[in-house]
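Following are the structures in question.
Look for chain A in each of the two complexes below; its partner is chain B in the first and chain C in the second.
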Partner chain A sequence: MKLSRRKFLGGAAAAVSSLTLFNFNLLTNSPPASASDPTSETMKTFRNVCPRNCYDTCGMITYVQDGILKKVEGDPKHGYTNGKLCLKGYAYPRRVYSPDRIKYPMKQSPRGSGNWTRISWDEAMDTISKKILDLKKRYGSTLPICLDKYSGNFGIVHYGIEGTMSSLGYTTRALGTPCWPAGIDAQTYDFGTLYNNDPEDMVNANYIILWGQNAAWTAIHSIPFINKARERGAKLVVIDPIVTSTASKADLYIQVNPSTDGALALGMARYIIDNNWVDWEYGRANSVGFDEWVDYIKKSITLDWASEKTGVPKDIIMEIAREYATTKPASMWVGYGMQRHVNGGQNVRIIDALGVLTGNVGKSGGGVNYGHLETWGFNYNAMINPAPKGSKGFIGPDGKEGDRNINMNNFAHDVTAQSDPPVKMLWLACRNPGAQDPDTHAIEKMFASMEFVVTVDSFFNKTVEMSDIVLPATTHFEDWDVMASYWHYWVGINQRAIEPLYESKSDVEIAIELSKKMNKLEPGSCTFPTSGTPEEWLAKEFNPGILKMLGIKDYKELIDGPRKANMPSAAWSDGKFRTPSKKIEIHCELAAKNGLPALPIWVEEMKSPVKYPIRFITPHPQHALHSQFQNLDWMMTTNPEPKVEIHPVLAAQYGIAEGNMVKIYNDLGSITVKDHLTRTTSPNVVVSYESWYKNSNFNVNYTLKATPSDMGKQATGNNGVAFHDNFVMIEYG
Partner chain B sequence: MSKQLGFLHNSEKCVGCRGCEMACKNEYQIDATPQWRKVFQLREEDFSLPTRMFFSMACNHCAHPECLRVCPVEAYTKRDDGIVVHDPNRCIGCRLCTMACPYDRPQFNPVKKKVEKCNLCYQRIDKGEKPACVAACILGALELVEINDSLDQKTGVLKTLPGLPSPKITTPSIRFIGPKQGKQIRRD
Partner chain C sequence: MISYEHCPQQVLKVNADLLLSLSVLFEKGGENLHQTLGPFVKSCAAFSDYFKLEKLLLSKETLANCLKADRNEYVLMTYEFNRLFVGPTTPEAPPYESIYLSPDHLMMGEQMLAVRKFYLQENLQTAGKGQEPDDFIATEFEFAAYLLSRIMEVQGAKNDRQIQLYINLYHEFWARHLSLWLGLFARRVCQSTRHPVFSALSEVLDTLTTLNAIKHEGGQL
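Now for the complex of A and B:
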């Protein structure tokens, strides 16, 4: 024993001596044993806001020493995120300094080959400008250029991407939002718009239902407010097809049949009506169609039917109906997953009506909470640019000339379907359709048919792989911007904490470069301004309305801390609904005009086809925000590979054991992924969390048809995607 | 030793968000592989109902630290407040400590060819601040505590969790509050 130990040490000593040539401790910025000292005189702090597509939109404090970002922390002056970040937020230094970041403009020839060459910004702008001018000459307009931009960075100045396109002329635009439009329309039909209570107000709830909402992964900063309510005795109910981390903490978890949430709410409504727990006064005074809906329920809904449909026993429907209706105020939070179905918007309308039935709308501690855009009233200065003189546009159905809008949620199909003129060039920014769009094979085929593809990004993701030119995007630490949330009521400034790394540029800086080049090649061909510092561009986004809402006189006051909008804590507490009738429209003529039921009645869910009997649900991941973060080395260490969660009963039917590779497929495509057997799902639902792993082709969207959800068109231009109506077969792979 | 600092982890509050794990990485800008702190999921089969329950563990700053005992170069020291500090400048990367620790918390860094571990943010503690993981815990599930009899006499405070090595080996300075399950209405 002694001998072997000495021998072992001898080997170790040899290793140490070779290390002296390369003392890694000297090479690293911060030796592992010592924390970066925030009180150091050379340490500077900056305010940032996480700009990702996330409920929480965290206030951040960034520590910078000698121009290097040393670490990040939560901003203690942010009353909702309260000085703490999520795991993704803390991983930011690894995103900024990732060796995988795109550092320079690069071109790939041929497209898809992986043969990338570094080019100068001048060459990149020259190539792109000449292609734009060439297309304009050949087709007589800039309509062959199509922009697809969405949620990669929700900073207000990033709407300069849309502004880039406007400044070139009329272009083709991917219109819509993949994430949440069915629910937005539901609340638009019912209340006039989406508008949730201040999430901090959940502390006042005496009963809380999280309906298809996994806050532990997607809105962690809301949980302390929920817990405060629970400490006072509030009960937490989670309704979800999956036993999520949030559901694991609930007082009552209900595993509902996917896409039948509306049936559950209707069953609850029936029991509430039968027992006269209805708030007749609130309902009749504030809504139209109230009695009509009550009559529908009495005639058409039974508890037996609701139980059969949802898989929830009758006594449980009765229990939560009684508790929800009688334990006031009761808060409901409707998640985005539950509306990603062909009847998703309708299910949200039914849940909205349940809130009205019980008088929980417009109350502190209550509400049917989905999201809001009340704090987003900026100028969108960077977005608004006139088309160059003589630009030819698309004549829309209303006879007006403008951009040609196509469906973001059926992007591959719609791009290919354009013929007059066809789409020949794509510009992608803040968007990764290669990973996030339905029917990945169709996306790949469509990209391959393009003449030219430009992508602005920070990492070589699937979309970049299908591009001719990639332009390196700054991270938000390298930009000035301002961010609002679609959930909480805070707004924060985002300072340039460090200089742009390598040759990266913000979207507005790219637009400036493009405008210079375009006008040099063809004077007057681009209207995007060619001057202004990043902070000046930010300053132009503020107006008296937003300053007043935030209780400040100058945007610079935000450097002292984020501000909360001066709004009542309960949405709709003034009773001024924004519908045509100015009341809650339980009976909604606008919905009827759009071919939907006027009333929140039951609409059938999609049934699984015989050949593909298993539902494949692909919710948001914990370690990533869509295709962002999971590729970083810290994330790859803690979560190295994707998994599919399969119920042991289902796995046994197909001879599948824990840790097997499983092929998930249907007529559209397939993926093969390692399984984890768990009873957190149900026997007819398999679950895998969408994400982009480093050096992996894993993508949950190969089997997903571009099936529209029922709503979205009214408020967002296009219906959503029924992401969770994805039916597959599985086999040992 | 005048006292023993340690951690109290509450699985009833913890949702396994891994904020603590990443806050630790962020504080010290740790290389990719070593995980000074790690969130573990409790085994689903140990519960009557399927669930996602977690505990978070870094170095347990044991009263009888095996790492310190086996280290041939005295890279480990135990402070007056019980914190077990590892000095990377002394470490020769022999990995005896990684083999000796029942909790696998000294972590070998293949880049630096040395071991690293949680030093309980002693520099922060000396300035009166909380450790980075504790400061980052959104749900208040992770606390810095003094390990003593009065803590151990509190209801619900556990010295170990199912599946963990016996605390008799090293007397770890970690205590637990176990998970609590609600009611489930299931379709299987």
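Now for the complex of A and C:
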């Protein structure tokens, strides 16, 4: 390597001396003006939006001085997040300036050894490009390359990751969404798509049910709207298998047996029908199959059955049924945890129908609220690139040539199962399957079978550990982007507040570099454009439709503040449902065609096997998002180690005391973790919060089978994962 | 006590050479140790010999042996360098001042800005401003070496005002920055490393810190 040096004198020295020159290597002349005025520049502010997989997608004001991110605060112009952030948001400077950030492209030899070498971007791109071309030559296509990207950064420009692949040719893609697909399909069958009321509209509710929703941890900015409704007299009911922080604030908490939420809703429906609190006019006018479902309930559902099934006393079922049906408008918010079961989608469909039964759909202060994608109508310009000429793809069942889709929710199995051609290379971005996918042992084995693994990330995690090359990703403060929410109606711009640190690059910048190298090695082998500033790439994401929805003429207006989409506050208030019948499909032929019940009837929950009688629920942590944030110093200080929560009665059965190390295991694997005895869970359920702890191999997914939930395939390509249908045995560890 | 004005050029030179070789070693990284270790070992030997530092005898010997390492051993040194200082795993001893001295132990703390102001006094800035923090150990070493080179130059020109200016600047820079964190850094390297070359390096850094502190107290470089 040539060790080049710059020879010159420092400015002050240059003025007084002409003797020897100093060999500078890292320092260079600064503009004279900066030397004469070395005082700090005034604080600048920028607009940013948290891009994480979270309901709140917070608007942020970022304070920058001397090129350094000093602090972040909530954006007061953002009507939903309203000038406040969660702990994760306030911790962002600690994430940006963590010494743990991946700084440079690095190569591991061999994979998994921990032997890392720093390489230049040029060498990284050269190595990757040559591997792609090699695979293309050997297999006649780029199908041996598999992309797994999901929710690490939901910025619209980040869909350039998919664009990176499409510009190379037809590739293998991990298709689906692990988090919420069963519920999406449920609402797709019922209403035509998922579409929730504006969460700010909850202030108009007179009765609120948070069903499997721990907003105090996962959507804190919704709480003020709920509280405003409560100040007016609204009652808050929380239904959850766990006494969550949200439950502790409720007027009424109902501990339901996991996966029996549909039975509870059916019991409520029976009591509402028996007392004729049904909104017959709304139901019959706006839905198909309404009376058919009412008949089913009359014939098949009893309150005694619902009570026994759910573990909820009959008088409580009657109480919430009466209150929900008669205290209008009544809002229901369906959480994602409750659909992570083999009957999860069906349970959501039943709850949807309960909303229709009482006429709470399409009403301000009402709704069966799950999520929406109404404000996501961008161009996805970075995502769409034509395959290079002559590319060969996978011939799908419809005879069309294209990418080969495999199941994101059974990733290890599906990657390994491909043979024509096999998958040989993985590209991972915004994704950490090593920590988040089910069956971690299978993931490890699958990674080990690859020829080549590239991961783009900001921190060293389990997936990076299993990679050949890691490329340093910018944080959202170092990039331009635009963010929409899947919960509230606001859209905000993300400005580049600070220059990218070290040698980090955004996904689009990486694609540009890769394209340059690919085309140098083999002209025409990559179609990704090789020019454009980050802001220019952002600008290309806007179209007249999205600008109109936001009431702006130019994306730059978002620099003045986030904009709320011009939509009615009550979803479906126009009655224009997007189902084939244009009505709410209580009876859904599409569901029947897909092998599901046409009606929202009861479907049995998964029963615990004799060998593993304890359900192991692994919800979202309080101060982390999947494998993001928990590794930061603040989080590690306040929550230094993982724990499993066990009911004292269950613990006593197994001779386990507070603070013991407990082995949690089943046929798939085991984890050993310290316990905390608590009555916030029930005696047949143990709870541990999924997260990636720094320098720890703790991972709840070592015990989790890739059991599919019942729905998801219709709208998202694949069914979800029944994360909460995981059964284990415990012992003093 | 030797006055700064009459500090022998040889003292300045062995100090500057050592600082510069350390700067290059850290800046070029583990992948170039086969090129940067030699100058470091040489300058370290000169430094040790000049000041008759018995404490460094073993380190000198270790470094000399490491210099003769075969290609495979250099590869192992590279991995160890990255494990200690670069990543992608959490670096055991991040080579940035802010990590050790800022209340939050984060990058880009007030120390980084303070260092930047020192550079600006000499019309200097980091070449990759905004990307590599100014308080990177290699940059601080380079600046310290530069100041020593300036002292040598102005001594040659017999410019007393300039001599005093650069001596003060050097002392101030050392006292406010390197002396405050280099020892902490060296200790962390010593505690974390699994390779003798970095144990020796930490010993040199520690000695350098101690010696500079003594010399500053004694009024000579």
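Definition applied: the second predicted complex is superposed on the first by the 692 of 733 C-alpha atoms of A that agree within 3 Å, B and C clash if a C-alpha of one lies under 4 Å from a C-alpha of the other, contacts with A are read in each partner's own complex, and residues count from 1 in each chain.
Everything below uses one rule, namely that a residue touches a chain if its C-beta (ideal position, glycine included) is under 8 Å from a C-beta of that chain, and two chains touch if they have at least 3 such contacts.
Model, not experiment: these values are computed from the prediction.
Shared-chain residue A:M636: touches chain B; no touch with chain C.
Of the two partner chains placed by the overlay, only chain C lies in contact with A:I102; chain B stays clear of it.
For chain A, the partner touching the most residues, choosing from chain B and chain C, is B. Of the two partner chains placed around the shared chain by superposition, chain B is the only one that A:Y90 touches, whereas chain C remains out of contact.
In the superposed pair of complexes, A:G67 makes contact with chain C only, with no contact to chain B.
By the document's definition of touching, of the two partners only chain B reaches A:Q255; chain C does not.
In the superposition on chain A, contact of A:P224 is made with chain B only, not with chain C. By the document's definition of touching, of the two partners only chain C reaches A:T117; chain B does not. Applying the stated contact rule after C-alpha superposition, one finds that A:Q622 touches chain B and leaves chain C untouched. Of the residues of chain A, those at positions 12-13, 16, 19, 24-25, 28-30, 32, 34-35, 93-94, 633 touch chain B in one of the two structures and chain C in the other.
Within the complex, the chain A residues that touch chain B are 5, 8-9, 12-13, 15-16, 19, 24-25, 28-37, 39, 70-72, 74, 82-94, 216-217, 220-221, 223-224, 227, 236, 243-246, 248-255, 257, 311-313, 316, 622-623, 633-634, 636-638, 647, 649, 678-680, 682-683. Contacts from chain C toward chain A in the complex involve residues 20, 23-24, 27-32, 35-36, 75, 78-79, 82-83, 86-91, 94, 96, 99, 104-109, 112-113, 116-117, 119-127, 129-132, 136, 138-139, 142-143, 145-146, 149-150, 152-154, 156-157, 159, 162. Those residues of chain A that touch chain C in the complex are listed here as 1, 3, 6, 10-14, 16-17, 19-20, 22-30, 32, 34-35, 38, 40, 66-69, 93-94, 97-104, 106, 114-118, 460, 464, 470, 498-503, 633, 694-695.
Taken in their complex, chain B has these residues touching chain A: 13, 15-19, 21-23, 25-30, 32-33, 35, 38-39, 44, 50-53, 72, 85-89, 92-94, 96, 109, 111-113, 116, 119, 121, 123-124, 127, 132, 135-140, 181-188.
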